[in-house]
Amino acid sequence: MTHTPQPGSLAAQVLEAEREPFRGSKQTTLRGLIADGIFSKNPVFVLALSLCPAVAVTSEVTTALAMGLAVVFVLTFSNLCTSLLRRFIHPKVRLPAYIAIIATLVTMTQLLMSAYFPDLYQALGVYLALVVVFAIILARAEVFASKNSPLPAAVDGFGMGLGFLLALVVTAAVRELFGVGRLAGYPVFGADYPPILMIVLAPGGFITIGLLIALFRVVGQWRERRRAGPTTDVPAPAATGEVSHA
Amino acid sequence: MVHSFRGGTHVRHEKQRTAGKPIEPMPLPERLVVPLRQHIGAVPEPIVARGDLVAKGQLLARSDAYVSATVHAPTSGVIKDILELPHPTLGKGMAFVLEPDGRDAWVEGLPIERDWRDLDPDALRELVRAGGVVGLGGAAFPTHVKLSPPAGTVLEHVVVNGAECEPYLTSDDAVMCARAEDLVTGIEILLRITGAVHGHVGIEANKPQALKAVAAAARRLPQVRVVALPTRYPQGAERSILQALLGKWVPAGQLPLSVGAIVQNTTTCVAIADAVVRGIPVIDKVLTVSGAAVVTPRNVLVRIGTSWRDVLAFCGGPTEDLGRLVMGGPMMGVAQNSFDAPVIKASSGLLALSKAEVAHPPEGPCLRCGMCVSVCPMARKPLDFPTMAELHLVSQADAAGILECIECGTCEYACPANRPILQSIQVLKAKVRAARAQTAATR
Amino acid sequence: MTSTPAAEPTPPAPVHDERRLYAALLTVAAAPHVRTRESIARIMWTVSATLAPAVAWAAWQFGLRALAQVAVCAGAAVACEAAIQKFRGVPITWRDGSAFLTGLLLALCIPVGMPLWMTALGAVFAIGIAKQPFGGLGHNIFNPAHAGRAFLLASFPVQMTTWTALTTQVDVVTSATPLGMLKEQGMPAVVATFGGPSGLYQSLFLGNVNGSLGEVSALLLLLGGLFLVWKRYIFWQGPVFYIGTVALLAWVLGGPGWFDGDPLFHVLSGGLVLGAFFMLTDMVTSPITAKGQVIFAVGAGLLVFLIRKFGGYPEGVCYSILLMNCFTPLIDRFVSPRTPKEAHA
Amino acid sequence: MLEYGALFLSAVLVNNFVLTRFLGLCIFFGVSKSFDASAGMGVALTAVMTIASFLAWAMYNLVLAPLHLEFFTTICFVLIIASTVQLLDVITRRFLPTLHAMWGIYLMLIATNCIVLSVPLINVENGFALGKSLVHAVGAGVGFALALLLMASIRERLQYAKVPKAFEGLGIAFITAGLLSLAFLGFSGMIPM
Amino acid sequence: MPTAISPLWIALSLVGVLAGLGVSFGFLLAWTHKKLGVYVDPLVDEVDEELPKGQCGGCGFAGCRQYAEAVATRADVAPNLCTPGGNDVARVVARLTGKAELEVAPRKVVVLCAGVRDDNCSVKHVYEGMEDCDAAALLWGGDKVCEAGCLGLGNCSRACPHDALHIDPHTKLPVVVMDKCIGCGLCVGACPRGVLALIPASAKSYIACRNTDKGAKVKKFCKAGCLACSLCVRACPSAAIRVADNLAVIDYSPCANCPAPLCLDVKCAPHVILPFPGAGGAAVGRPKPPAVNQNEPAAGA
């Protein structure tokens, strides 16, 4: 057996000239990009980027959802803008340029939210402004958007944002459900449920995410093992021994 | 003055089986296997050939190299062969096979009674060398080399190590009781050779008779003091006993010379007296044969080259319960894999340990109780070494000062989780040395 | 089983078939060939047994409820440990007593009236979050019992500060703990409740005060702790410097003016004695050197006093130890044992 | 004076930026794998944060507020920080290449780090004067460095631990951070903010 | 709140602030970059990106990054050193660095010992202690009489990052799972006895012994040890097998990889010349004990 070239590597390009994958990604389809964002490159659980909001705004599903949507918006459009402007930005100043793009988008979001959803704006507090410096947004601009055309760039941003949104909502759901017995503000377990307050406090945020990361990994390994099938899993020395002597 | 050293612990001493028992000479066996290499340093060249008749005390092998030691015939007989045979510490090594003729006849002129006080230090040192004296406590470093400090070194103290801190062993105790007079003569010779002005004999307090005997014999030498040391393992380690007796610490990588002292084992002192005064080379050794798996534990005087099989047979043989056969003490001794390996100069005991004695609860995770750290005489952190060995963290082990470990085994003895600390240290040390050699080679 | 007189066991006789003995393969192993008789299980069960008198006394004071608390807590801890180990596919080691000890200690530092399911949840947190994810015994960074208690305090603040009155004590009007009273009503109120300072100290020392199981009898815990010191299971430096620091600070800064605090009250009340001898000295989570233990204990003592005096909680033993647990790796990194020459260099 | 001390202690312990406000987590989890890098990062971050706070204060109070461009704050602050970090990057790459190699992508992450941005923002929000802004920045930096060093020393010890596969790396780091944060709850209520 | 300010004023000041910031920082950055910037060959990054990042060290460099640096900047470093990457990566690296394309000869690891304790190989003592080959070797050179044989405590399988080696619980010998082995050689370095070796994946046979003692001596303690009888040497049509130091060794460069190797047909009494399935994807190791037990009488007859 030989090494299978990483799809997207130059090796694969050389070998399969007809299939042109995106630069900076293993995926070849737009659908794949979104799947990547949600599963194999989940910004929170796998890439471990932008962890601050994952802990900070996930004590309630509502805030998590709001934050997630804001990030989906910013990420999609920042990727789009970066991709559109990629030929005009000198590589030496690309970082400040990307940040300027993102900061503009975030400021827009802030203004929009403070105008139409003042309660949520209050609840998100300083963390909304901090969307500017979410590593995931800058990382996607740098790794993907600056190398690809606008459509895949926007899709990638949307996928990543979706992955982030889902991670936030899942975390928030777990924390809110067990921490106060509610989901998005609606009581689930009834009034008798004694809230396990720690889960909605700071330590609970860290620990919940730690456990979710472990769970994510266990499930991932389990899926991989199933996909790999039983052939490589069970070495068969006995059979080989007989064959080699036959 | 409190005589103490860093670290250490109380170890079950188990000396009651042989303590106070007299030294019993063992009859000559049918065959002796005398290894050429019984010391640290160059392997000596045989000067007799197959078929030669040799007399007791006759020189069998010598080397031109300074760091080496001579080998003598333990009894009179025929050299049957010179070939590779089991060795108690090296696994295998070239050895003379000597078939005793039963007469046990001395080589001509031996023993004599020499008036050594007329001789100068160099001549005395030459006599020590001719007697094939090495560190008989177990280190087996040629004694004449130890007695030749580099020019300009001022030696002030001769420290005689009678601690015998290893459990089970009572051979030094027995020798001190039986030959206190010769021990003191040995110290006198050492003081003369080195020009040191103070002699110190450190004996653990659990050997009251030896203390009394040596103190009585040493009364004629006012510059020698005999000190009772508290019973604690590893009191007999070179740095530990120096710290306990002189209050001085030998820095890492240096010899006791750096604090103006040399350390000699009590039996070595007796051997020096034998070699200098009577011209008798090292041809026999007092062994403690002990352990729960030997029928009659005793202190025996055996010829160098006697096989473990013969030694055990003299002590009634091993029992069914034999778990491990160990040369030396249970803390630092070497487990034997052959009954055919012979007694060498550095042997001080043969332990037939029962299965119960060597048994221990299964290994558990390190509790970080810090016991190993507090007992380590070299102030290392032994708890990290098993993990480092497991993960092959060689450079970290080097940085943790693993090479300073004296392998006394106190850490592993004290470990409640039964971690294989000492063994992992040995593995890591080998790797650290290999890595250092490689770096030196590439430079 | 029937026994025949002929089948009396004979002492192992010397074996005469020496040829067979000598032909057998020898077993070879590295030195040392003998070991101490201590083992992990022996240490853990001994420490648990050392706590037994204090538990018994508390049970007499609080009734069977106290025993139920201990049983549920220890049981949950052991069950959680075994379940996780089974899931991980590693050897199940509940027999070593470490999970039992964790459960026992947790039971000793929470109120007796806690709903039992909360107690069990605390034990599950202690084992399932603070211990097993780190790799189990020997690898955890935080004292599991205290982590469990901190979890319960953060999760159920009401239940964790509701103290049931002693069943044996009829004349104690309030069911607050002495430290709680100090925080809310001040020292004079505490003294008044116990009818004067001597009554207060006597109650504290002998165990006639309210609180968690492990706060009840300072005397029995002290005796147990001294036993552990004598057995060399714990460094003496830990408890001495911990209690010493608290006493000193309480004396200097604890009162209304300088140097007129009440050190004895601070030492005897709360879980200080339990913490000092049984939690601070936890082998796994405290420094490995005596010097490190001193730093650790002084730091923890300082924190106890800071929390009791300025913090939001009446008692600071648990947090002080958890906080110093964070520092243990740092202390171990920088405080190394040294040979005399290294020390001078 | 007491006020400054309380502000400092509050930022270091009671309202520790990492453990109670969840800021700077990327660096916290990324860099704490190595103790030496953590020490370097702690110092660098404190320095960047102090400089950035000063520049941001000047920017806000001398330019933005007089011109009524408050909505422009975020963009300006981000640019200031990014440029400061870019400078630091170039300087360390030149003069401290080993440190630079260790920081790796995390040095660039300072540019986009929440703490560095949030401190000036919180300063502005609370209307801190220059002195208080700087004390707050230094306190936040020291608190961050403290948490980072604790985490790094713990993770160095965890290298020897038999952490289950699923928890290896980030999982156990989060659990540890949670327990650290649980311990830091002990400080709560000590200094009312 | 900017209620009384005209939009024009806002726009103007915005532009002013942005321009001011941009110009000042731009100059500062440009200047520092010029003065202090360190040049990094972009080729290094490009090559680095193509490598499989196994960090196995099979190329002889500390890690993938180091190999990328070396191959990009030094003319004497060949582009085909990455075994896990195989021919594809080699071709790309060669193209990127402008070097001549070279084939990677994929290699696999084999176990050069067939001595099973208490079965066909004598034991001199019982070892008790750490599960570590180095530790066992330090005590009297291991428990086997043969000083070249496998110690069976699994240092190789623990060193393998690809789960391609495991110790057979019956024979206590390592077994290679061929389709997991990438030929990185980490196990080779981990073995204190040198029992493991990398051979071309195309090979057809190998000699599973490392003992250099004389045949008569080997016979005494191992029934699966090479006796240096030279039967295989004579059978080989391309003179690829020779006996040196009492041990038959295959040199794979002249080996013709015969489809039906003649060397496998010789009556090798100890059965040390074994067929190699190579890239076929099967596990290789010593056959199970029953197979040997059947063969032994045949060998003696």
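Each chain carries a letter (A, B, C, D and E) given by its place in the written order, and its residues are counted from 1.
Here, a residue touches a chain if its C-beta (ideal position, glycine included) is under 8 Å from a C-beta of that chain, and two chains touch if they have at least 3 such contacts.
What you see is a predicted model, and the numbers here were worked out from it, not measured in a lab.
Participant: Taking a step as a move to a touching chain, how many steps at least join chain A to chain B?
Facilitator: The fewest steps needed to get from chain A to chain B is 2.
Participant: Taking each chain's centre as the mean of its Cα atoms, which chain lies farthest from chain E?
Facilitator: If we average the C-alpha coordinates per chain, C ends up farthest from chain E.
Participant: If you tally contacting C-beta pairs, which comes out ahead, C-D or B-E? Let me know.
Facilitator: Pair with more contacting C-beta pairs, B-E versus C-D: C-D.
Participant: By CA centroid distance, what chain is farthest from chain D?
Facilitator: B
Participant: On a C-alpha centroid basis, what's the spacing between chain D and chain E, in Å?
Facilitator: A distance of 44 Å separates the two centres.
Participant: Compute the distance, rounded to whole Å, between the mean C-alpha positions of chain A and chain E.
Facilitator: 36
Participant: Can you check how far apart chain A and chain D are, centre to centre, with Cα atoms defining each centre and the answer in Å?
Facilitator: Distance between chain centres: 23 Å.
Participant: Tell me, which residues of chain E touch at least two other chains?
Facilitator: If we look for residues of chain E contacting two or more partner chains, we find 25, 29, 33, 124-125, 129, 135, 138-140.
Participant: For chain D, jot down the residues that touch at least 2 other chains.
Facilitator: Where chain D meets two or more other chains at a single residue, that happens at 71-72, 79, 83, 86, 160, 162, 164, 167, 171-172, 175, 178-179, 182, 185.
Participant: Do you know which chain A residues sit against two or more other chains?
Facilitator: 96, 198, 201, 203-204, 207, 210, 214, in rising order.
Participant: Taking the touch rule as given, give the residues of chain E at its contact with chain C in the complex, in rising order.
Facilitator: So the residues of chain E in touch with chain C come to 123-129, 135, 138-140, 143.
Participant: Spell out the part of chain A that touches chain C in their complex, as residue ranges.
Facilitator: Residues in contact with chain C: 194-199, 201, 203-204, 207, 210, 214.
Participant: Quick check on the complex: what are the chain D residues that touch chain E?
Facilitator: 63-64, 67-72, 76, 79-80, 83, 86-87, 90-91, 93-95, 97
Participant: Quick check: in the complex, which residue numbers of chain C touch chain D?
Facilitator: Contacts found on chain C: 88, 129-130, 132-136, 138-139, 141-142, 147, 150-151, 154, 303, 306-307, 310-313, 316, 318-320, 322-323, 325-327, 329-330, 332-333.
Participant: Spell out the part of chain C that touches chain E in their complex, as residue ranges.
Facilitator: Listed in rising order, the residues of chain C that touch chain E are 25-30.
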